[in-house]
Amino acid sequence: MSLWKYANPVKFLHLSERVLPTLWVLSIACVATGLVWGFFFTPDDFRQGSTVKIIYLHVPSALMAINAWFMMLLASLIWLVRRHHVSALAAKAAAPVGVVMTVIALVTGALWGQPMWGTWWAWDPRLTSFLILFLFYLGYMALWAAIEDPDSAADLTSVLCLVGSVFAVLSRYAVNFWNQGLHQGTSIPVATGERSVADVFFVPLVIAMIGFGLLFLALVFYRTGTEIRLRRTKALLAREART
Amino acid sequence: MKALLLRDLRLAFRAGGGFGLGLAFFLIVVMLVAFAVGPQAELLSRIAPGVLWIGALLACLLSLDRLLALDFEDGSLDLLATAPLPLEAALSVKALAHWITTGLPLVVVAPALGVLLNLPPQGFAWITIALLVGTPALSVIGTFGAAITVGIKRGGLLLSLLVLPLYVPTLIFGAEVARRGAQGMDVSTPLLMLAGITFGVLACMPFASAAVLRVNLR
Amino acid sequence: MMSAILPDLGKYAMPVLASYGSGLILLIGLVCVSVWQGRKAKAALDAVESKDQSDA
Amino acid sequence: MTLTVTDLTIARGGLPVLAGLSFAVSKGQALILRGPNGAGKTTLLRTIAGLQEPIGGAISGAEDQIAYAAHADGLKAMLSVRENLEFWAEVFGQDGVDAAIKTFNLTELGDRLAGTLSAGQKRRLGLARLLVTGRPIWVLDEPTVSLDVASVALFADAVRGHLATGGMALIATHIDLGLEDAQVFDVGPFAATMDTPRGASDEAFL
């Protein structure tokens, strides 16, 4: 029960003011360590050469692109069930972070794909799924931006997030099926986190992943605070206009 | 419910030109694609299933923004929401009316346009079946999009942005059925998936649509 | 000159550098935009709140 | 059967507009709502009609009993007068289209498309819709807009007839309809104040 008390905007602001400095420092330290370690102090892969260094950006950002959507889904459900305003605003705050993560994953993926597969873009199921996820993020944010009344916007975007999640999963299966159906047996060597990655690459990768996770948290905390302040400003102005 | 269906159909015929507009649009898309990719019969026959699906998708999208917006502007939706008919049922009926005026005619003429695109003979039955099974899902999903954007001025573009990604699974499985059918391959898996999506969407989507419409009406 | 700082990236220098460049730019951009928006929101709220107090 | 409103607080756009409203309307009674523009009459009527949620208090006796008519009449320009009414009659599972057309003096316009009617004629058609709903409680928002004197009298007669058969009416209007024993309810004193508590979504941020 105690966790719900942070659903109160004021309490949430106090909490975020307390934890944010630590979170910022930790996350930036982790991201920097992971990336610097990965960039300067890891050997080249015998097959992929130095492009393997891209993994320290690509995998963490892809991970957070998906997790950001999960977090939005959770926050949307909490808003629909318990009507906590902070929850709705947190979902709104997370979307742009998710978009940037998706874009990083796509761009680094393309830059990695070019030397490895000989093409910037392949309609590989995983890449395609990210493109679809990107579109879902855009639609979600556009809907937030289009609706004036904050409560209606929260309701509509929450339902959209729910419906979108179902269709995102469906699309994932559909895309898998589609590509397999097209070119039987072509497998593109996409590095999938720890499985194919040796220990020398693994430690900095984990640090980068933790760093991206913390950075996501810090950004969402901070941006939720921003949304709360904007909302409070609006509420105060509306009250003034009434009297 | 019958009354609402008849009213929507009657309005579509009197004001919207009925079947005509969607079909003309469908024809134009097919023709433009042929112009764009060149007249090679072999190439056209290979992309025919996909072109027909894209045409169906766009023709369906074209009329979506009027699906609820007109009823919203003249107050009919408020009155329908206070009528004994559940809003879920009303939206299902409106989706059905939309399908009858846009989806069904496309299903009927798709084989004819298949001829223009050199669709292989064994593909005709499958493109028709794929469209018949898949287009109801397009209308129902589109109704959700229309319900979510109904209060927004100039919501047309937003509607496309919201709805088109939701069309991805239907498009993939639908086009796959048509393509495999045209190549004489086994279509059972994509056809089952396509039917599954359509039935799932028919069963669940009206609740989501009604929920968002209620939000937009308050 | 650059080679003194950067590790030897071999023939793949371009994609690796471009990845890190674009990734970092996007991340830093996101943080900067967030902070800028946050500052603006805070300032706007402070303005409204102080006006509220002087009214009361 | 009574429509009872108890301690109702309603909000528009996230801010409370009316608070602590209580009234009751029973069979055969009409209640006229008065109040300045923006006082929240429309919001009140929409809340009672079930189109939006109150943020406090309770409404009883309204469920599935209400025929609502607002500024927009919900008419289809491309359907004839008769077709418009037939549609709503069927939706509400009623008949009586002919009677409704006669009551509002629309007989000669029966086959005209609704889109070709004048504003006052459209309004009459919109009000005729009430008769084919078969619902006992009429909730009307400014029903006399764009009606001439004769039509207002027609409308008042229709309301009287409705009340005589045990119906009820809740009407927001500025003009005197000449309804003999209608109660008048002024919403002015119930305007929400700075310290109206609870519920409205902005509240959480103040």
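Going in written order, the chains are labelled A, B, C and D, and every chain counts its residues from 1.
In this section, a residue touches a chain if its C-beta (ideal position, glycine included) is under 8 Å from a C-beta of that chain, and two chains touch if they have at least 3 such contacts.
Worth saying up front: this structure is predicted, and the values here are computed from it rather than measured.
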Original post:
Compared with subunit A, which chain's mean CA position is the farthest off?
Top reply: D
Subject >> Centre distance in Å when subunit C and subunit D are each reduced to the mean of their C-alpha atoms >> reply: 55
Subject >> Chain centre separation (subunit B, subunit C; CA means) in Å >> reply: 43
**OP:** For subunit A and subunit D, let me know how many angstrom lie between their CA-based centres, rounded off.
**Re:** 48
**OP:** Quick one: report the Å distance separating subunit A from subunit B, using the average Cα coordinate of each chain.
**Re:** 32
Subject >> Of all residues in subunit A, the ones touching two or more other chains >> reply: 232, 236
**OP:** Give me the residues of subunit D that touch two or more other chains.
**Re:** none
Subject >> Overlap residues in subunit B, where contacts from two or more other chains coincide >> reply: 218
Original post:
What are all the touching pairs of chains?
Top reply: A-B, A-C, A-D, B-D
Original post:
Given the complex with subunit A, which residues does subunit B contribute to the contact?
Top reply: 144, 148-149, 151-152, 155, 158, 161-162, 164-166, 168-169, 172-173, 176, 180, 189-190, 193, 197, 205, 208, 211-212, 215-216, 218
**OP:** Using the touch definition up top, name the residues of subunit D that touch subunit B in the complex.
**Re:** 46, 49-53, 64, 66-79, 83, 86-88, 90-93, 129, 133
Original post:
Which residues of subunit A touch subunit D in their complex?
Top reply: 8-9, 85, 149-151, 228, 231-232, 234-236, 238-239, 242-243
Original post:
Mind pulling up the subunit C residues that touch subunit A in the complex?
Top reply: 7-13, 15-16, 18-20, 22-24, 26-27, 29-31, 34-35, 37-38, 41-42, 44-45, 48-49, 52
Subject >> Interface residues, subunit A side, partner subunit C - complex >> reply: 31, 35, 39-40, 44, 49-51, 53-54, 57-58, 61, 96-97, 100, 103-104, 107-108, 111-112, 114-115, 215, 219, 222-223, 225-227, 229-230, 232-233, 236-237, 240
